[in-house]
Amino acid sequence: MKRKIRMGMVGGGPGAFIGAVHRIAANLDGLIELVCGCFSSHPEKSLATGRALFLPDDRIYASYQEMIEREAALPEGERMDFVSIVTPNHVHFGPAMLALEKGFHVVLDKPMTFTLDEALRLRDKVKETGKLFMLTHTYTAYPMVKEARERVRRGDLGKIRRIYVEYPQGWLYSDSEDKKGAWRVDPSRSGKAGCMGDIGTHAFNLAEYITGLRAVELCGELNTFVPGRSLDDDGAALIRYEGGAKGVLTASQIAVGVENGLNIRVYGEKGGLEWRQEEPNTMILRWPDRPMEIIRTSNGYMSGIAAWNTRVPAGHPEGYIEAFANLYRNFALALDAVLAGEEPDPRTLDFPSVEEGVRGMSFIEAIVSSGDTESKWIKIAN
Amino acid sequence: MKRKIRMGMVGGGPGAFIGAVHRIAANLDGLIELVCGCFSSHPEKSLATGRALFLPDDRIYASYQEMIEREAALPEGERMDFVSIVTPNHVHFGPAMLALEKGFHVVLDKPMTFTLDEALRLRDKVKETGKLFMLTHTYTAYPMVKEARERVRRGDLGKIRRIYVEYPQGWLYSDSEDKKGAWRVDPSRSGKAGCMGDIGTHAFNLAEYITGLRAVELCGELNTFVPGRSLDDDGAALIRYEGGAKGVLTASQIAVGVENGLNIRVYGEKGGLEWRQEEPNTMILRWPDRPMEIIRTSNGYMSGIAAWNTRVPAGHPEGYIEAFANLYRNFALALDAVLAGEEPDPRTLDFPSVEEGVRGMSFIEAIVSSGDTESKWIKIAN
Amino acid sequence: MKRKIRMGMVGGGPGAFIGAVHRIAANLDGLIELVCGCFSSHPEKSLATGRALFLPDDRIYASYQEMIEREAALPEGERMDFVSIVTPNHVHFGPAMLALEKGFHVVLDKPMTFTLDEALRLRDKVKETGKLFMLTHTYTAYPMVKEARERVRRGDLGKIRRIYVEYPQGWLYSDSEDKKGAWRVDPSRSGKAGCMGDIGTHAFNLAEYITGLRAVELCGELNTFVPGRSLDDDGAALIRYEGGAKGVLTASQIAVGVENGLNIRVYGEKGGLEWRQEEPNTMILRWPDRPMEIIRTSNGYMSGIAAWNTRVPAGHPEGYIEAFANLYRNFALALDAVLAGEEPDPRTLDFPSVEEGVRGMSFIEAIVSSGDTESKWIKIAN
Amino acid sequence: MKRKIRMGMVGGGPGAFIGAVHRIAANLDGLIELVCGCFSSHPEKSLATGRALFLPDDRIYASYQEMIEREAALPEGERMDFVSIVTPNHVHFGPAMLALEKGFHVVLDKPMTFTLDEALRLRDKVKETGKLFMLTHTYTAYPMVKEARERVRRGDLGKIRRIYVEYPQGWLYSDSEDKKGAWRVDPSRSGKAGCMGDIGTHAFNLAEYITGLRAVELCGELNTFVPGRSLDDDGAALIRYEGGAKGVLTASQIAVGVENGLNIRVYGEKGGLEWRQEEPNTMILRWPDRPMEIIRTSNGYMSGIAAWNTRVPAGHPEGYIEAFANLYRNFALALDAVLAGEEPDPRTLDFPSVEEGVRGMSFIEAIVSSGDTESKWIKIAN
């Protein structure tokens, strides 16, 4: 790389957890510099945030429209290369479409859009413009998740039979977040699913990513345990995958006391694997006739793609921020190649795309339908 | 107790894992003596087993009918007090009914019978005769499971919302057991369910035992992954409990490399608990606003019922055999009181009864029906 | 076996934890019957205990001398075959010597004697009489500890370099036990070491057992943290083993909140192993260039000697009582052969002998000396 | 902060693990910018590294002397604010002294110097110049380590009695690193201790940091297991702390298969704590009469100082890089205040100082002496 990649940000103002994480992740490897942003729909908040990030006032914008228009008008050596959109779900589609139209590459938080229809339109726009597009499904950026996928792909587990993927959390066990007006529990900002949109999509994506299998139909139930809440705070589904594998997906935000318990277990004809996000550098491999193995990141026996996404020696734990930084590092390296008119290293393109975004919205569509019907199996269409 | 309780055994011949465990469990506390048995339908095998157990030849029988008849004819100070039936499922009902009719108390392995109809008839017979009847659902005899139930009962967790109960095993991941003719994979000896009858019933029972909630309907799917197998070797169900709690139950015998992974997680409005059979002396308690606690058997903070079912100080692990022995010890103490015409200590009556047996058979009936239909929810009738 | 082996017991009266455990362990496999006992130095307590164990009054004795004399006078088909001595340390030597002299085989709790001198004399007596003698170092009877020794013996780990063995407990963190007059904290009953005699000896024995290496010298420090206590309640030592391996041994009874944390880690030139008593069915194997392995009891890959000491399938946890019962089962099987004039199966002779008892007393001697001196290295003499 | 803090770097050229980590740590929070460096004693390597880090050629230097001189000559708004020195041990003292003399603040890797004498002289220089000085003992920057110190400080554990601190690693189990000429095994670059200098100092520092107790004397042994190696690759020591607490410290680089196993256990009169670096977001608290607690970073019950050093919500694991970044973030914030002539927030000054550096060198001095003598106890002098 000859220079740092230039990032603009939409969202991520005061108190926004995920925006701050995006910035840390983009900083970490020293490959990206934040050059501009519209951090809030309140201009004064946007300005304050931008200044605290050492941005000059003329690169701090009051609306995403203004930002995209004015950045597009800057000379090539100065304007942002890509925009990172870290707003609530209902403000994903607008800035993403506009940025693509104005020639910017895009990073977008998940779930991709507010509706499946928006997702399909965004997919078309990405294809039409040919811009790089990354959806920040962080959990698949852990080196051990990449190792899991690699092991399945090369056949270590044999044909996959059984998938258990779970995403329990406890932080919404009472209505205190609802009273604070958190957007994740508000259908006008979150979309038609609550828990399933926020974290069920991660679980769904993780299972498809690791196994390489496409879910074809599901039978589920959504629950709202906290009185007065509008959206689901819990749910479960039986899932049928192509080729005959069977899955159970659960997601809950009322599993009181559980922090961020995403985990997956996959069993094939020849072996099994088990991974837990809260201890991400460890994976259990199970075999029928020999001892279970504990594999750990940064060891010599790890695959190339896992090593590529690792920074420190074995025993020096890497975590959520490093996984997030893997997304940004790979995106920056791929974008650097694209900007130079070169073919990106395939390892750098291993980030979630607009297709994963469409899958997530299709999953939401299916599970919400399933929760509303007495029909047993609902297709996951797109 | 003035004397040891006298046990007869039906089943448990050469190579029978569970029969040997029953005998060890009955031996452990020195309260029960084995006085007779019909250990196999092959008279010579029965004789060899009985002799190896130091029984005199005249108390080793060639058929359960012969045993029950002849024991009934012995004087009261000599004949067995109860019979323990440890045969394959299709030979549960016959000896149990006969023993009850002839005045013997009965211990029976699970699942209780071959069909739900047999279960209902056996329940009637137990009620009619007033004999003590114990079903050996071992897992609910662990002290920590009793603690779990106690904590739910006294309201530590608040109203229960969410139950996850899982029973993964891997030993039937290939067809090697089928080829050996193991009875668990043979519908003529096992009944209409395979995995769900063998271990799904344990999971179902564990959840109802701990939460005190009755499952009312389920939506499930049974799978047979190993080619050529007649019965299910895997399955999952969404379950609705009375009062609005929701459950997910999974059971699998093709989770390759997993040993005996029964586990349960229960979350209520105020707290959660998590228990794994493979590390049975430990339970995790989760709370919304304070650190999770790890409780361990034999500590002073444990409830009375857990302490009653514990033998050694904290840190001296107790396991499966001790849990099994808890069943026999409680049964022996209760039976001693009954034989003396006294009221048993309530703690000794805390063992699975014929009602749990009927519940298990109802669960099998429902999950098999669910697997065969496109209707979403199936009632668990009895 | 043609008949059960007949056991007498010295000690194990009301409230004695370890005596009850010895009886359970002896019961478990149905190979041993308790035929007589002197359970307390208070005759009425002895009688009450014996009756509760269903013994006839004429086999319940008021002193160990009376018991041994009168049993020796019984006809061969009736008298006890061996005596199990489960008294406090200062009453080990007397009954053991007398029993050997009168022709009985002996089981004795650890540490073997009150002084090293007694230990040496007892060793001579065992050799002289040729009777079977077992010291109940329970922890080496776990199947996984046998596996560990086997793996070291066959060279999987290469030449051993480094041994860490720890035995932390917390139950003596305050003086409440001292006030109750517990014998373990009383030098007139426990011997010259407290913590090191009670549990340090277990740790010392475990390390020598697994590695097959003899400790030659140590540099240690004993501590008494609880005010008013006469004996050590904590200590640590650097240990030098034959062949150049180095060890660190720690034992503590003031590690508040720790239950029974005996654990060992051994590293050789080619691999390492780690085992914790509180999760006894699991062992970690570490390798330089491939994933660590978790081995678990009852799996097909376990060695023959581990399988011999296991009763139930993988995933059905076995614990402390089963380990204790392994001692008794092996002793009973060996004794049966001896009584029949046959050579015992070598697997049955794998129990701690009088030599281990002497080693333990030598260790106590050395560590107490080390704590009293400014000399750095103290030989472990015998 | 009005602007980013400007960092220069000495060391961290091609293949240097720790230099890259320093840069990542400095990048992470976006508070520091790298403005210059001398990355290697080979000018062409220094140039290549600097260019890859997007530095202009005129800020890439061929020697640390040149860098410090020329940076000092730059105008205030341009020159570096501090220098980060990440060279092997024998090149710590020179650049640190020069930088301080020329008015720069200093970040230095551990162990602080090549000899104790250098350490004392460096301490004097820091005092004399009044510059900010940070030693990068990373492990005490984990939020959970800060929590541990806080809990000890506020008396939760009562008076401390027993400290176990261990630092096992396995990567030097064979001579392959020696053959590669790694500086850590070379006395001319590493200093008089190998394992004890590299990682023993971390363990020593961690124990003093958490307990707030000063070690006063030790009795230790150093070992060199790998043939041909000049420095210790393993060792252990008994340690006596002020106030009567007793410690055992072990460090090993031949614990084959162990990754980076730093861990500590501390027991006081009222409670205990246990922490493992490889799972850094978790700490076990043990109590005599109530359940052990598992505390986890980012929960509401954590202390203010832990929260200050945390970036993401509970269940999103933070690791080694985040701990390292805590050092740099706190240093940058403190330096910003110093540069503005203000009093730094005390929370930002919670990083290892030149005093910790002197303590580490005193520890090395004492343990090496102890290894060479038959005297039992060696004072830790400074």
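Labels for the chains are A, B, C and D, by order of writing; each one numbers its residues from 1.
Rule of thumb we're sticking to: a residue touches a chain if its C-beta (ideal position, glycine included) is under 8 Å from a C-beta of that chain, and two chains touch if they have at least 3 such contacts.
Predicted, not measured: the structure shown is a model, and the values here were computed from it.
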item	value
Any chain that touches subunit D and subunit C	A, B
Centroid spacing, where centroids are CA-atom means, of subunit A and subunit D in whole angstrom	34
Rounded Å distance, subunit B centre to subunit D centre (Cα mean)	56
Distance between chain centroids, defined by C-alpha means - subunit A, subunit B (Å)	44
Junction residues of subunit B - those touching two or more other chains	258, 285, 292, 296, 299
Pairwise touch network: line, ring, star, complete, or other	complete
Complex contact set, residues of subunit B against subunit A	161-162, 164, 166, 168, 170, 173-174, 219-221, 223, 225, 234, 236, 238, 246, 248, 250, 252, 254-258, 265, 267-272, 285-288, 292, 373-377
Subunit B partner contacts - residues on subunit C that touch it in the complex	1, 3-4, 17, 20-21, 23-24, 27-30, 34, 53-54, 169, 171, 258-261, 277-280, 296, 299, 311-322
Touch list for subunit C against partner subunit A, complex	284-285, 289-296, 299-301
